[in-house]
Amino acid sequence: MTVGPQGRRPLSFWILTAVFVLFVLFLYGPMSAIYILSFQGPTGGLTFPMRGVSLHWFGALFGQQRTGDFSGSFARSIILALIVMALTLVISLAAGLAFRQRFRGATLIFYAAIASLVMPGLFVGLGIALVCQVLGITPRWWLTGLGAHLTWTLPFGLLIMFAVFNRFDRSYEEAARDLGASDRQVLTAVILPILAPGLIAVALFGFTLSYDEVARSTLTVGARNTMPLEIYAMTNNVTSPALFALGTVTTAISFLAIAVALLTIARITRRRGTGPVRAADPAGAPS
Amino acid sequence: MTGTERRGDVALHEVTKRFGPTLAVDRVSLTIPHASYCCLLGPSGCGKTTILRMIAGHEEPSSGRILIGGQDVAGLVPAQRGTALMFQSYALFPHLSVRDNVAFNLRMRGVPREQRHREADRMLELVRMTAFADRMPAQLSGGQQQRVALARALITNPRVLLLDEPLSALDEFLRLQMRSELKRLQTDLGITFVHVTHTQPEAIALADLVVVMNQGIIEQAASAREVYARPRSPYVARFLGGQNVIMGKVRDQDGRHALLDGPGGALFRVPLHERRPRPGEPVWFAVRRDLIHLARAGAGAVTAENSLEGLVEAVEYQGSFVKVTLATATGEEFLVNEPEAAFFASPVARGDRALASWQPDQVHLLEPDRAGAGGSPSLTAAA
Amino acid sequence: MRRLVPYLQVAPLATVLLLFLVIPVGMILVVSFWSYDQFDIYPDFILDNYRYIFTSPVTFSIYLKTIYYAVVTWAITLVLGFTISYYLVFHVRNLLWQIGLFLLCTVPFWTSNIIRMISWIPFLGREGIFNQALLATGLASAPLEFLLFSDFAVILAYVHLFTLFMIVPIFNAMARISPTVIEAAVDGGAKPWQVVLHVVLPLSKTGVALGSIFVVALVMGDFFVVRTMSGGQSGSVASALNNEIGLLQYPTAAAGAVVLLVIVTLMVAAILRIVDVRRELAA
């Protein structure tokens, strides 16, 4: 706070507010344009003006004509994202618990996770594809694709768990043990419920990052495309608003996941009467 | 824990705890009688919390034995020891209501919902928190949270209640209120309380047994009156306050008294009891602040045995008495608590010279500190 | 027994990283020395793939282009990210508002990068929304051609996609600055810009470093933004590698990947030399 709580806003506040508003417009403006354009009339094109309003292009997605294997890739992406979400949650939580103690190789694994985060996705894919080629394994979305996605979601999961455990008071566990809880009860009755907001954040990252993944997927999902790859392919050959309709559908799914996660976190914190605490702030994590 | 023997006496035998290279607790032996209120008193880092956590079973001793009710508790998990720990931060589960927090132990033991809620409500009544049963911990004040933590610990029906700095997070008013409430509970329940604190008045007010700790060892374990009036060592005298600690080197002794050379040419005569110090040996003794006679310079003061001359550094009015701080040749602050009337009969002011003197039979002889070197003045707890 | 617990707990993570990161990247290094023909790749130890990279006339210009993209994007996202974070942390007083606006900035992270990228197409095209607006208001007499399929479009998309990788770590670092430190600086006679320069910036430098690592690594490793937004007219190192992969020239691509990885690692190491972020990450 650069001025007292009751003071008048300085000029810099208004300038920065303007910058912020412009940035938000920059962030959301183009996106909103394609949501609107996806409702283009049947004769409409890739840009304004709107020639009527219709669901024509959404319908075109389900017809098999020019838009490729929409339903198949859509189902694959959702299933893969759910599997990645579940695995990210379990693996990150277990690793988070492990990192609270000292063990040999901790630093190495930590740096491997950070390297996984910074590594260009194309190279992860290339490497996996090369291993497959040498070993004679056919890349499949539920095998190599899954592994490639995990290299992207797990570092985020791990960093969120670090942030969450940092704020987790160990005396909760000791209190539970003192009150007769077994190891399993400490986990299920104390650690998991207390960490719930952070775990939901991990799940959100697991789902959305997998659902939208491109760079690691191109060489690892095999013959059957996931949704983002389908869209990527469409950008090269589809020049109708069907592309935008697909964008609207897939973004709606993402927003649904975000809304469910954030509302659940908000409900938990409100129930606990802890108000807006940073522990419930899922975006505190991508650092 | 519904054993036939419900004795809550705690015994430590030569208990040592190391954390890597650091020695947190060094061969401590201590017996806390059943149904007594024991305070572990000392500055932070003295090992008192480690002892508490070892009794609770959250740390295992590196060596030595701990017995509760005569039973060796090595390897027992916390819940099997018949102890309950109240955490400094209270550690109330943020996702559970007050009632569910209190009922947690019963839930872990598989007690049906109805019954455990009934039990919890009974405990909440004991700590006068019935009205808050459905609140979440975050919606309670510090004092209320503490009552809930107390109820949660007591529902396990412990024979020993362990309290880690239970009053430190409360404001002054609540602290005094909770202090007397803790004492009341301990008397009513007739179980052993072990209470860790770094505040001397808290320990004096509550404890049947005060254990003064320093650097991982016990300096003195005795009744409150004993540690206050008859501190064993310079460290205890300084930490408990109310005393001036003075050192002199033995010039001469006749078996009953010794004559000590003090700083700045002062001479002290102290009663020896069983001690027989050799000439030249340093001897520490304490004189209570309220048993010192203060004479104004120029009022016929004569430098004699058992007196120190000094410059008045500060005068603080304390209500029933006046606290006068002298700078003397001892290098430590020398404090005199003069009764109000006596002080104002002939007041002194900052900058005056004054002479403090005392009777030889009011001197209390000290043994050297067990931990570290004898005379470090760094831990003075000026009250 | 208890001492085994952390090893069991970390085993799944370690296994995934070993199978899908460490071994594959090791494989890239190995294959970069292999030979190939149009049908398959063959175990070998040749330096031809590297020789090709260092002798090809395209290599230098394509690296120059990639680094140009990285530096320009880095500079813009840094200024934007710092400004936005500063605004959110020090000018938005209500914590609920602060979190709400911060989420507003980060929500796009959880949506598809491809969709966000292609949403610029109806905006920037010859007949796009931007040109229509310019013509309608008379600010331009002819549609601007450079908007789409150009370096401008590529960098615009990068800034659009990657600024939040700057905002999040800088925001986190700034949120940790105690307000009393700012007040002490103001009491000490610092003007607002001096507070920013001498207090806020030094205290948020770990966030700046982390964000910089993200943005640089993301731009250097990108292949689809540059291809789509330049309309295939421009290329980056990664998009060239992607083309080689498409032609099944795996050993050449692998050698290229090794060289790019070394360069990215050097850039990251340079950032880490300036600012030690290890404590920040582990905390």
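Just a few scattered comments:
Every chain is named by a letter (A, B and C) in the order it is written, and numbering of its residues begins at 1.
Everything that follows uses one rule, which is that contacts are C-beta pairs under 8 Å (C-beta built on N, C-alpha and C of every residue); 3 or more make two chains touch, one makes a residue touch a chain.
Computed from a predicted structure; not experimentally measured.
Core chain by CA centroid proximity to the global CA centroid: A. The most distant chain from chain B is C, comparing centres defined as mean Cα coordinates.
Counting C-beta pairs in contact, the chain pair with the largest number is A-C.
Inter-chain spacing, taken between the CA centroids of chain A and chain B, is 54 Å. Separation between the centroids of chain B and chain C, computed from CA atoms only, is 58 Å. Each chain gets one centre point, the mean of its Cα atoms, and the points for chain A and chain C are 17 Å apart. Multi-chain contact residues, meaning those touching two or more other chains, do not occur anywhere in chain A. Counting partners per residue, chain C has no residue that reaches two or more other chains.
Residue positions of chain B touching 2 or more other chains: there are none. Interface of chain C with chain A (complex): residues 5-10, 12-14, 16-17, 19-28, 31, 41, 80, 83-84, 86-88, 90-91, 93, 95-96, 99, 101-116, 118-123, 125, 127-129, 132, 160, 163-165, 168-169, 172, 175, 179, 182-183, 186, 192, 195, 207, 210-211, 213-214, 217, 220-224, 228, 238, 241-242, 245, 250, 253-254, 257, 260-261, 264, 268, 280-283. Interface residues of chain A, counted against chain C in their complex, comprise 1-2, 5, 10, 12-13, 16-17, 19-20, 23-24, 26-31, 33-34, 37, 46-48, 90-92, 94-95, 97-99, 101-103, 105-106, 109-110, 112-116, 118-124, 126-131, 133-134, 144, 147-148, 150-151, 154, 158-159, 162, 166, 204-205, 208-209, 211-212, 214-215, 218-219, 228, 231-232, 235, 243-244, 247, 250-251, 254-255, 257-258, 262, 276, 278, 281, 283-287.
Partner chain A is touched in their complex by these residues of chain B: 56-58, 77-79, 83-85, 87-89, 91, 93-96, 104-105, 107-109, 135-139, 152-153, 156.
Of all residues in chain A, those touching chain B in their complex are 169, 171-172, 174-182, 185, 189-190, 193-194, 196, 268, 271-275.
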